[in-house]
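Below you'll find a set of structures to go through.
Heads up, the next two complexes both have chain A, just with different partners, chain B and then chain C.
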Partner chain A sequence: MLNKLSESILDKFSMDFLRNQVLKNAYGNDDTLIAVRDPRVLLLWYLFFGLVPWFVNDIVFLLGCFVLVMITTLLARVAGLVLFLFALGVFSQTGYLLIVTLLFGGDASAILPLLVLTLKVTTVSLASVTVFSGLDPDRLSNGLMWYGCPERLSFSISYAYRMLPMLMEEFQNVLLSYRLRGNPPAHDSIPGKIRYLIYQVKVIVHSFYPLMLNTAKRSRTTVEALEIKGYRYAASSKEVRRMKLASLKISYDDLIFAAVSFLWVAVTMLLSSIL
Partner chain B sequence: MASIKIENLSYTYPGADRPVLDHVDLEIMPGDFLAIVGNNGCGKSTLCKVLNGLIPHFISGDFQGRVLIDGQDTRQADVGVLARKVGYVYQDFENQIVRPTVLDDASYACLNYGMADYQARGRQALAQCGLQNRENEYIWQLSGGQTHLLALAGAVALGPDILILDEPIAQLDPGHADRIYGVLRELNEKYNKTILVIEHHTEYIADYCKHVLLLRDGRAAWYLPVRQALSRVEELQASNIFPPQVTLAAHALQAKGLLPAGGELPTTIGEGQQAFRSIPRPEYHRPCPPPARQPGQTVAEFQDVSVSYRSVKGEPHTVFHNLNLTLHKGENIALIGSNGAGKSTLMKLLVGLLRPTGGEILLGGQSLKEQKPEQIARKISLVYQNPEEMFIKDSIRDDIAYAMQVRQVENWQTRTEELLARFRLTDLADRDGRLLSGGQMRRASLAIGIALNPSLLLLDEPTANLDIATRKEILRTLNDMKAVTETVMIATHDMQLVCEWADRVVVLCGGSVVGDGTRDAVFGDRALTERVGIRPPEIFAMGRAVCEEALCYTVPEFVQLFGEGKRNAE
Partner chain C sequence: MDAFQNKQVSQSQKLMVFVLTMSLYGLATLFTELIPKFQVGIVEFSVEYFLFIPLVLAMLFDPLSAALGAATGELVFSEIMLGQFGGLGELEKFLTVTIGVYIAGRLVRDPRNTKMVGVAAFVGTGAQLLMGTIVDICKVQFAVEDFEAVAGLPESVYATEGFAFLNDLIFSGILFCVLPTLFLVPRLYGKIEPLLGMNPRTKETSLGLFSAKTAAGCAVAFLCAVCAEMLASSGFELIDWEASWAESGTAMAVGMIVAAVVALAVLMVMRGKAQTAKVK
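And then the complex of A and B:
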């Protein structure tokens, strides 16, 4: 039974699944409330929720911010994998701190400050998740470009997303070759399981060489195509930059979004001063 | 004025000791639809890169002579200016696409060159290439044929008068290939574009092109109207180009004295009907079908298998619905169907890379679920469509040896050497597989595939992306392999391969098996071939056009059948 379960989890966690989640995260939710926001407004919003919580220790205010970013994360319909990684990251960090505190003579009084820390980390992370995975890469890079980031950076972001599925596909194919032709050690006993793990790690390391070569071979065409499509020419042209940014427009809804966030923060501040 | 004029052009790649192009002189008129043919490595792709200025602006090397595009010297214009005059679609076109959505990619070049109406231009190009309703789709939602059209649209958007395509239909089924050429014809006739294609499917050249240019050893051997060009059978074959089957058949009949000597040979089925009118009808007795062979032991079995894929957005995509299929020992099976019918999926299911969402797959009488991957690997082997993905080591000797070595197969060293010799790879044994030519890569991947002596060998498109000569060589290798393999299944679009190699043909369509039998049963069934969109080899259609009952699959069969007719009449 347990065997079956672990197999089905492993099955789910295939490269195919990862690739699907990456794509879903980047482009699957282009119609959510968060995805259609103007990236400049969202980046400003992020500047607030990504920085301010670090400097405030008021629990009510932090809780208020946390609830708000949780709502925005839900609105952005972030892919499950990202949320899972986020939860794993946050709780392993603070859980580890708690254990260390308890081991080295701390007592239950350490829980409260740790809770505050967890709340801060969670709020900031969720704000990042909202902005960076709620927005699709192109809108994000346009927003960054508006704030003066170089064109090359913003192109790299969207091109990385274009390449990532291809890289993962290549990687998957190489792993499949190992799976079809390799001879992994039996993994029924405990030492066998360890040997199996070492084998898997070895395979992943060995996969690197064919992966890089295959990708390099593919990118030759891409480099020439970019040259023909005038990528180098555009990087130095102000006019092109203006045209790219012309698609950014702040709508009423963006203002409402900013106003609601502002109101929410104001109310929590008010509450914290009353309580 | 000629739209392309090349004067005494010689070009040598940096570091090479021999020029790729050697004193080429050429003039191409506006509105031409030109096929460029020639042996592998004769300089076709180089010639195209010279035209769009990548050579000498982006790739250096020794460049002599002059290339004029629309009267402008390419050495004096930069790549950007030339891109607006010459559009280029690569053979590996999917790597040419750099943006995530369709409209974005089509208009990207226009945006980069600062054209204010870039979106309108992108839209117009998409419409010209038949992609008008897909503007907001993501590129991974497109099929192979549509991706090619998008790459074409990206080039068309800049409004060039000349379009160059490097082997546009190498990976496509006939339906998609027709669509690409239909679009090209429209661009040529309606929008007056000059079109240059590197192509070795001479059937398509006969149907669509106006002129043919033969390159030989870096020189332009000749430049002729299409029918005249394809009639030069011997010269073409010397350059490893195979004229349409109709032309070959006519050539053979001419040699037998059944067709008047000299003059142009037919190149299309329509022309063939005219030309073969004078030949007396053979008295055709359909050979009795060979007695149905007792099917051997069952090797693999699909029982009510259903499969669906997760998709990025929306409902999962169903590939198979209650598919049933049994493979027997000793069969040579061809698996056919249009792009996306599920041929690759079926093979991935058999090797356990994909799991069915419903139903059961048995391999060697045992359910796949109960077998470990390494157990499966002993019984079955899959050779991918793209041979590069088979190479995981840095030499093909290591690659062939790998599976045997890790399993401690007895005498694996000698067996590796045997395999290298059998596939004529001994001289290349220490090279990296990725750096070999297409045919060598394919042979190496076949050697890797049969290294473990699998009882079932699966080959995904073994002849895709090969020029005709290499294709013939692989076909020969496959026929040789019949001696050492038990059961082989090939997924393919290549109907000549199907007819010359397979003894059982399985047709996939709409998620299930719609046809299963001998080639006569499948290709003889017009309703079936039309429904599924498969096309028998041209010679088969030619034979039936002349004589409805005739079922001939190869040129020699055709020549024998219709050559006999004369003798009977005498």
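And then the complex of A and C:
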């Protein structure tokens, strides 16, 4: 029974599962309320919820912000794996700190500041999950470009989203072919398990050797194709930039989104000043 | 042939190195982000450090492009794609990775010299980890209110951060950076460069010794990384401002609510009008 359970968990956590989750996160939901927002408005929104919570220590206000970003995260329909990783990250970080604090002779008084810290971290990271996970990659890179981010960065984002499936598949293939040809050590006993772990790490390092060569070839092809299309000239040309960004339009819905967020913040401010 | 052995790499080759490092390191960090870490006691075992990839490439190719590519790859693949973008903290990570990889790449003048490759890989990783540790300590100090007042917290932060630094340096520094780098650099040397249309790096074509100017550049970049965190400390003024406003703020908050409601109503009406106009 237990064996079966762990097997099914491992099954779920395979390379394909990871790939599907990442792809789903990147391409899966481009029709949500968050994905169709104007990237410029959303980035400004993020700037507020990514910065302000760090500087405020009022619990009511922080809770209000937290509830709002939680709603937007739900609206963005973020992939489950991302949320799981996020939760793991936040709680392992601050929970760990709490345990060590207690170990060093801290008492219950340490819990409250840490709770505030957790709330801050959660709010800020949920805001970033909403914006960067919910938004369509192309729109995101256009939005960043509009704010004057270097062309390199927006190129990297678009490139990454298109190349990632291919890269992951190639990595998996190389890894599998190494596994196929290799002879893993028996892993029943503890030293055997350690040997097995070392073997796995070795396989991963080895598989980067063909991967590096292949990717080198591919990146040369990419760059040459870019050069043919005049990429480096286009990157510095103002006119090209204007044409590229002409697709961005702020609609009434975007403004309503901003206004609702503003209203929410104002209400939490009122609550925090009354309470 | 000598005329072709241009010391300077062309712009498009730099872009190739950038793209190469970005995709490889990005892919690797994506996996480390996805694979959960496991802890035995307080020793954390994680495959955190695939830093050997940019280290290898920085030693074989143009260090600056490789360093920037690695930092961008990490930012784009594992932070932005997974939606874990952490704002200011990412700037610090970006700069420390860039500096660490760049230092390692500059230290190696001849990739065939294995001793130098090993030392450079260790120094690069160590520099990156040390800067990360310093910034981490600052971060907790600024984020927690009355840092000194919480019993046991300052010591615990120093202890955990210091321990994490040593643990990372020994575990990932040697196991995941030095050994794979020593394995990969001699193998790739002379094989991977022709694929990008370049000549292998030799003593003559290397960028020269680590000069005071580069060191100063690195120091400035590190200061920027710290400044990104100090920006959080300037938030103390913001807190004061926030606090004074919170006391007298009921009226102001009510005003803001009224403004927001009015704006919302106007926007709704305008959107309704625009839609009916479209239907007509």
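Here is the rule we go by: the second predicted complex is superposed on the first by the 275 of 275 C-alpha atoms of A that agree within 3 Å, B and C clash if a C-alpha of one lies under 4 Å from a C-alpha of the other, contacts with A are read in each partner's own complex, and residues count from 1 in each chain.
Basically, contacts are C-beta pairs under 8 Å (C-beta built on N, C-alpha and C of every residue); 3 or more make two chains touch, one makes a residue touch a chain.
For clarity, every value in this text was computed on a predicted model and none was experimentally measured.
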- Overlaying the two complexes on chain A, which is it for chain B and chain C: clash or fit? fit
- Of chain B and chain C, which one touches more of chain A's residues? C
- Could you read off the angle at the CA centre of chain A, spanning the centres of chain B and chain C, to the nearest 10°? 100
- Message: With both complexes overlaid on chain A, does A:23 touch chain B (first), chain C (second), both or neither?
- Response: first
- Message: On the A-aligned overlay, A:230 touches which partner chain: chain B = first, chain C = second, or both, or neither?
- Response: first
- Pick one for A:152: touches chain B only (first), chain C only (second), both, or neither. second
- Message: With both complexes superposed on chain A, which partner does A:181 reach: first (chain B), second (chain C), both or neither?
- Response: first
- Item | After superposition on chain A, the shortest CA separation from chain B to chain C (Å) | 7
- Message: Quick check on the output: what are the common chain A residues between the chain B footprint and the chain C footprint?
- Response: 26, 137, 159, 161, 209, 213, 217-220, 222, 224, 226-227
- Quick one: which bits of chain C touch chain A in the complex? Just the residue numbers, please. 11-12, 15-20, 22-24, 26-28, 30-31, 33-34, 36-37, 42, 47, 52-53, 56-57, 72-73, 75-77, 79-88, 140, 143-146, 150-153, 155-157, 159-160, 175-176, 179-180, 183-184, 187-188, 191-192, 195-197, 232, 235-236, 238-239, 242, 246-247, 249-250, 252-254, 256-257, 259-261, 263-264, 267-268, 270-271, 274
- In the complex, chain B residues that touch chain A: 52, 54, 58, 79-80, 83, 88, 90, 92, 95-96, 98-100, 104, 108-109, 111-114, 116, 118, 138, 140, 154, 310, 312-313, 351, 353, 355, 373-374, 377, 381-382, 384, 386, 388-392, 394, 402-403, 406-407, 432, 434, 448, 452
- chain C contact footprint on chain A (complex, rising order): 18, 22, 25-26, 50-51, 54-58, 78, 81-82, 85-86, 88-89, 92, 96-97, 100-107, 109-110, 113-114, 116-117, 120, 124-125, 128-134, 137, 140, 152-153, 156-157, 159-161, 163-164, 167-168, 171, 201, 204-205, 208-209, 211-213, 215-220, 222-224, 226-227, 232, 252-253, 255-256, 259-260, 262-263, 265-267, 269-270, 272-274
- Once bound in the complex, which stretches of chain A touch chain B? 11, 16-17, 20, 23-24, 26-28, 136-138, 158-159, 161-162, 165, 170, 173-174, 176-184, 206-207, 209-210, 213-214, 217-222, 224-231, 233-234, 237, 239-240, 243-244
